[in-house]
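Paired with chain B in one complex and with chain C in the other, chain A is shared by the two complexes that follow.
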Partner chain A sequence: MEGPHAPRAVPGFELVAPASVEEAIAALRAADDGGATAIAGGTDLLLDLDDGRLAPRRVVSLRRLPWRTLDWLDGALTVGATLPLRSLEDDREVRRRLPGLWQAVHAVGSVALRHRATLGGNLGRSAPASDLIPMLLALDAEVDLVGPRGERRVPVDDFVRASRRTALLPGELIRSVRVPEPRPSAYLWQRVRPANDISQIAVAVAFSPGRRHWSIAVAGMPPRPALLPDVARDLGDGAPSDAALTAAAARASRAVPITGDQRASEEYRRRLVGTLLTRAVRAVPFEGGRPL
Partner chain B sequence: MTETVAHLTVDGAPADLAGMPDDERLLDTLRWRLGRKGTKEGCRTGDCGACTVLVDGRSTLACLTLTREVDGSDVTTIDGAARDAELSRVTRAFAEAGALQCGYCTPGFVVALAGLLKERGRAAPLEELLDGLQGNLCRCTGYAAIVRGVALAREEAP
Partner chain C sequence: MSAASRSDLGVKLAGRAEYGVDAELPGMLWAALVPSPVAHGRLRRVDLGPARALPGVVAVGADDLATLLPRGAGDAERPIFPAGEVAYRHQPLAAVAAPTLAEARRAAAVVRVEVEPGPALIDLETAFPDWPGPDGARSPHVIAHVHARHGDVEGAFRTAEHVVEETYRTSSVHQVALEPHACVATVRGDRWTVRTTTQSPFGVREDLSLLLGVPESSVVVEGTWVGGGFGGKGASLLEPYALLLARAAGRPVRLALDYREEFELGRTTLPAVIRVATAVRDRRIVGRRVRLLLDVGASLPGRDFATGYSIGFLLGPYVTPTFEVEGYGIRTNKPPFGPHRAPFAPQCAFVAESHIEEVARVVGVDPVRFRAEHLWREGATTPLGQPVGPFGLAAALERADALARRWRSEAPAGHGVGVGLGFWSTSTGAGGEARLVLSATELRVEQGERGIGSGSVLRGLVAVAERALGLPADRIRIEYLSTAEAPFDSGVYGSRTVGALGRAIVEASDAVRADLAGRMAVAVADVSLAVEGEEIVVHAPGVRRTVRSLLRPDEASRGIVATGRHFAKPNAIDERRVVTGSFYPYTDFTGAAHVAEVSVDRETGAVRVERYAAFQDVGVAVDPATARAQVEGGIAMGLGIALTEEALWSADGRLLNPHLLDYRIPTLGEVPVPEVTFVEGFLGAGPFGAKGLGEPPIIPVPAAVAAAVRDASGAHVTELPLSAERVARTLKLL
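Our next item is the complex of A and B:
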């Protein structure tokens, strides 16, 4: 076999596919000191393996674990860590009850990529350009983890630390992601090339009908997507007035810790934050002060 | 090394994967190990869609898939178009519409569209099919003819 990418004689890593959660945790632990990493869909991980940013001795596949699940229970959505994003996108209830989450999932890569990419992988890799993290923040989602010392539940806001950094402990795995309630919501982004680029800015907005408050998250700034609680308070406890929305957009534009890079200048990004926030809030359907 | 040999069916035939390293990509398995070069390598970063194949009927980027991760699957590539009704239909429609210039992106487009038609059926709105092809890039920018090819494939009787 010849060619630029003809298979090498010596593998760069060993791949193991444990049949149980316990074995998966043990396989990760047995090669610790950064020597092991988990793979779900692999659509992001393989890029880092390809150009050497990551060089684990062992890759632990989650493909045999029973985590390709999607469950609604008492209004809460639980998505198994290894469910392909395409299956999440295809769920009619997700589109109806969490429209912003549907839009965020749809914004990830292409159909072929979403057939393999997963919610667990997206969170575990904590990419700065993740379309899903800002929406999960605005939905007050939580991550269910399982590891050598048992299970724990962590808010997404605490789980995502920075670009490529999470609260995962050695040997720990993301089992599922929980969205506590259906929320009228929207996710809007701006890209240089819509089909195959990451967003210059993305804005996730959601309204909690029970608690009557807004959540706003912005992505496209360092060190990670973040909630803007002060901006959310500007919007009040229902459909905001034009004045309230203008004030919120102006505050968001000022407040975000944005920098310029090759995708957009700082000034352009600040304007985008205000514009996308205004459009996203307007896209959340209300009637007579109540969410539809 | 993983001890077990991976099993794959490629275009209807069992593939010989003895001695395959753990880190091999499906794209390399198809092109270099099995000699099926209809599946193209474009960007190798998941951006261009040239390497799209069907894994158990679902469009998949072969460049971002470890072969062992799809152990036990049925893989269909452009080289197997003749034995797959949907792939044959899309191939004919693209030929009729002249939906190619240099042709390098064509296998990816054909397989991705066949996958969408298998998923959504031909009743799917044209806009949804075109939206579903956003991950396929044509560097010749021959998109107008490709759009006609997609419309033809959708309309053609089964």
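Our next item is the complex of A and C:
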């Protein structure tokens, strides 16, 4: 057998911080074929640079772009891609109207990490164990993209493909994420260690008061967090009966494409799916069959 | 503790303290190691040519030892680079240095290594499904075999009313010092100097002298500030490579591990499988049996310390009229076993305590009462025949039990409360010496320990000197000196700093007093020191003299010099009980009773520690604030061993979680602020009766947590750590 096996040194790169969206897109395009990468908080990207998974010639910082925003308009929430998660978490309206989203954000890493990490970065990394993607799926959120060919809007479910794989085209950036309506919702997870760890399983549930349907998403399995529409249907169009909930939990823990790894066995993950799903649905604020 | 009372706080808070990873010298090169790509195999060739072809690169391997080392190849038994068998993945096969770290790493990557991979022994139980058995000691994998017995064990088991037999498994845990290993080496003529982060400058000097084959007088070890040691920085690790490169390059060379390498190359506690059996008659233990399979990694035969030393801890601090213990140190293809704060003792206490709890339940006696009835008290004899000295564990248990009862009565549903015991002894190491210099205005303690951040040197030793001479802390200065100038001391490990080095300070203080009494022609007992204005003055009935006025002309620039010593204690084991191997004698008897309150999620098995308390036998708390910090830190580390920490290897010897995301030490959120109570008055061998405290607080933690988990959920978990999944399995949720 032969080397190399020694630790590597991170190769040098050019760091640019454009002040406008156009310049940022141009900077990403100019270094052709994957030679440029965007950086927001860097909490994922720096690890990829450190272990040599990525070796871009240029890193384009998004810190000067005017995307640290949070707006409510006609009941829809729009979160700018570079808003630190901590700001999203500190917002009282978010906590009140989208409790599941607040719980998911609160679950990410640690306070220090959330001061840097962003929603755009979480989607950009598209990790199978992301805490935000399952909740965004359950909220039917959409991603607003901007790139060389203009703007487009893509449902999160279409945007996220697999680990480190998204619908982003060369030169394209996530500008913001849109959550269409406030929803009673809940997010529950389990980890070996509560802080700064990766969820073994996480379950996001939300109820759409307008369309009277449930959405259920699970993270912690390959290739990506996924919606479970059949399970959601088991729950009916309001507060589910105990029997319906039991059936839904059983279906979920059977149906999800889970595997085992060093963080948890397949068996244990299946059990967690059922338990967390039951608890999450019960945690959604309902009263007399109507969401509060 | 006020900031003024610890002299390192100023430089550390200002970021001016030079740790090993900060050390740089002008003109130095940066180094990288060439690691073995396999866990086991025969080394065919290490071709340094491609690395040497790069500009500015210096490379050394096994073939260079003969020319670089004065007496040929150094220690033949412990070659710096392997020539034949490769024993573990990442074992350094060569080392390179270059003007920058990036160039050094690139050079290391182009070294051509040819190894013929062989079968790797990684998992103990796959290797020894039937255990070593009667002939096991002859297996080439068994590099240590210890065996002791006393009394008619077979008879005790034959006539017992109850026999409880169990198997336990423990995991591998890493020290996780914030600062990885790092050093800078310089070689000039026959002087080999290394500036390094170490718990034992003199230990490293001795190691280097043996490894390199140079006399100790040619080796100088300069300690940097140490960013945590926890046992991991007691022996040399990187220093030989850095020195060889410095020799070859004719320039200083810096070698430091990155954190991943720290996990992969560091020496630490490895997994074990333990079988224990206890025989009971009339509610009394009449016999014990323990068998231990300990993974000692790629330790060399004759250099395993852990197997014999662990056995006593596996029996617990309990009286047993008959026993038989047998331990096997198994050589596997992992880095050699190394010390981790109270090496392997928290794991042993987990086994001993969980087992005694099980025995009590089977017998139908309250587990705390059962423990109390068998606990060693002063005058009892340990299984290996050592008489027990002053020991505060029974007093600690009594108080812990009272608190546990109160907590249990207050606990909400789903919570449980457990008590765990652990015992320990202050190590003396190979002894040491302290030198005091009393000038007109201050007392200087000249010594060669940097300490490891715990405060045992910079606060503990000051407190000892304060008490011994009656001077205030602001007139006592700890002066660190390299091995070239300091008096010998074994190192900051084994909970020995205050206990052993402190005694040398007391002896030196007595010598200072005697010297002063002689100069003033008064009785030693009448002499007392005080500070008046700038001056230190000496009082005796009817006499008052400044130290300045007592100094002889040749002392004016320095002061009165006095030395004190402490020695290793002789072995007190009853050798008639030893069949084979060497065991660990205790210097004094210390320990603690800990109480944990946990909640257990009955559907997922997740454990959360809600409250925690420690009753700690310390003899005397020489400096209560520093002592408390030791207990709090020990508990935090112990909770990691109990719940989340576990190094994992693949079947081919790859460490699967060599990073802090998947090797999980507790965060502040998982560590409740503990209640700490010192149990004083059971005096130890240290100054004023102090006992060592660096290690003891970590020992009972996994035991206390396991007992609490059992109390909360009924889950009797026999494997560490108590992860949610393990608890769920034990609860038959899976």
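Note that the second predicted complex is superposed on the first by the 281 of 292 C-alpha atoms of A that agree within 3 Å, B and C clash if a C-alpha of one lies under 4 Å from a C-alpha of the other, contacts with A are read in each partner's own complex, and residues count from 1 in each chain.
The rule is simple: contacts are C-beta pairs under 8 Å (C-beta built on N, C-alpha and C of every residue); 3 or more make two chains touch, one makes a residue touch a chain.
Source: prediction; values computed, not measured.
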| item | value |
| --- | --- |
| Residue contacts with chain A in the superposition, chain B compared against chain C | B |
| First, second, both or neither for A:272, with chain B first and chain C second | second |
| Touching partner for A:63 - first (chain B), second (chain C), both, neither | first |
| First, second, both or neither for A:194, with chain B first and chain C second | both |
| First, second, both or neither for A:264, with chain B first and chain C second | second |
| First (chain B), second (chain C), both or neither touched by A:52 | neither |
| First, second, both or neither for A:15, with chain B first and chain C second | first |
| First (chain B), second (chain C), both or neither touched by A:110 | both |
| Touching partner for A:43 - first (chain B), second (chain C), both, neither | first |
| Residues on chain A lying within both footprints (that of chain B and that of chain C) | 1-3, 5-9, 11, 110, 194-196 |
| Of all residues in chain B, those that touch chain A in their complex | 1-2, 20-25, 27-29, 31-33, 41, 44-49, 52, 55, 58-61, 64-66, 68-69, 71, 112, 115-116, 132, 134-137 |
| In the complex, chain C residues that touch chain A | 32-38, 41, 90, 101-102, 105-106, 108-115, 117, 258, 260-261, 603-604, 606, 644, 648, 656-657, 661-662, 664, 666-667, 669-670, 723-725, 728, 733-734 |
| Residues of chain A that touch chain B when the two form their complex | 1-3, 5-17, 39, 42-43, 46-47, 49-50, 59, 61, 63, 86, 109-113, 115-116, 194-196 |
| Chain C partner contacts - residues on chain A that touch it in the complex | 1-9, 11, 110, 190, 192-198, 262-265, 267-268, 271-272, 275 |
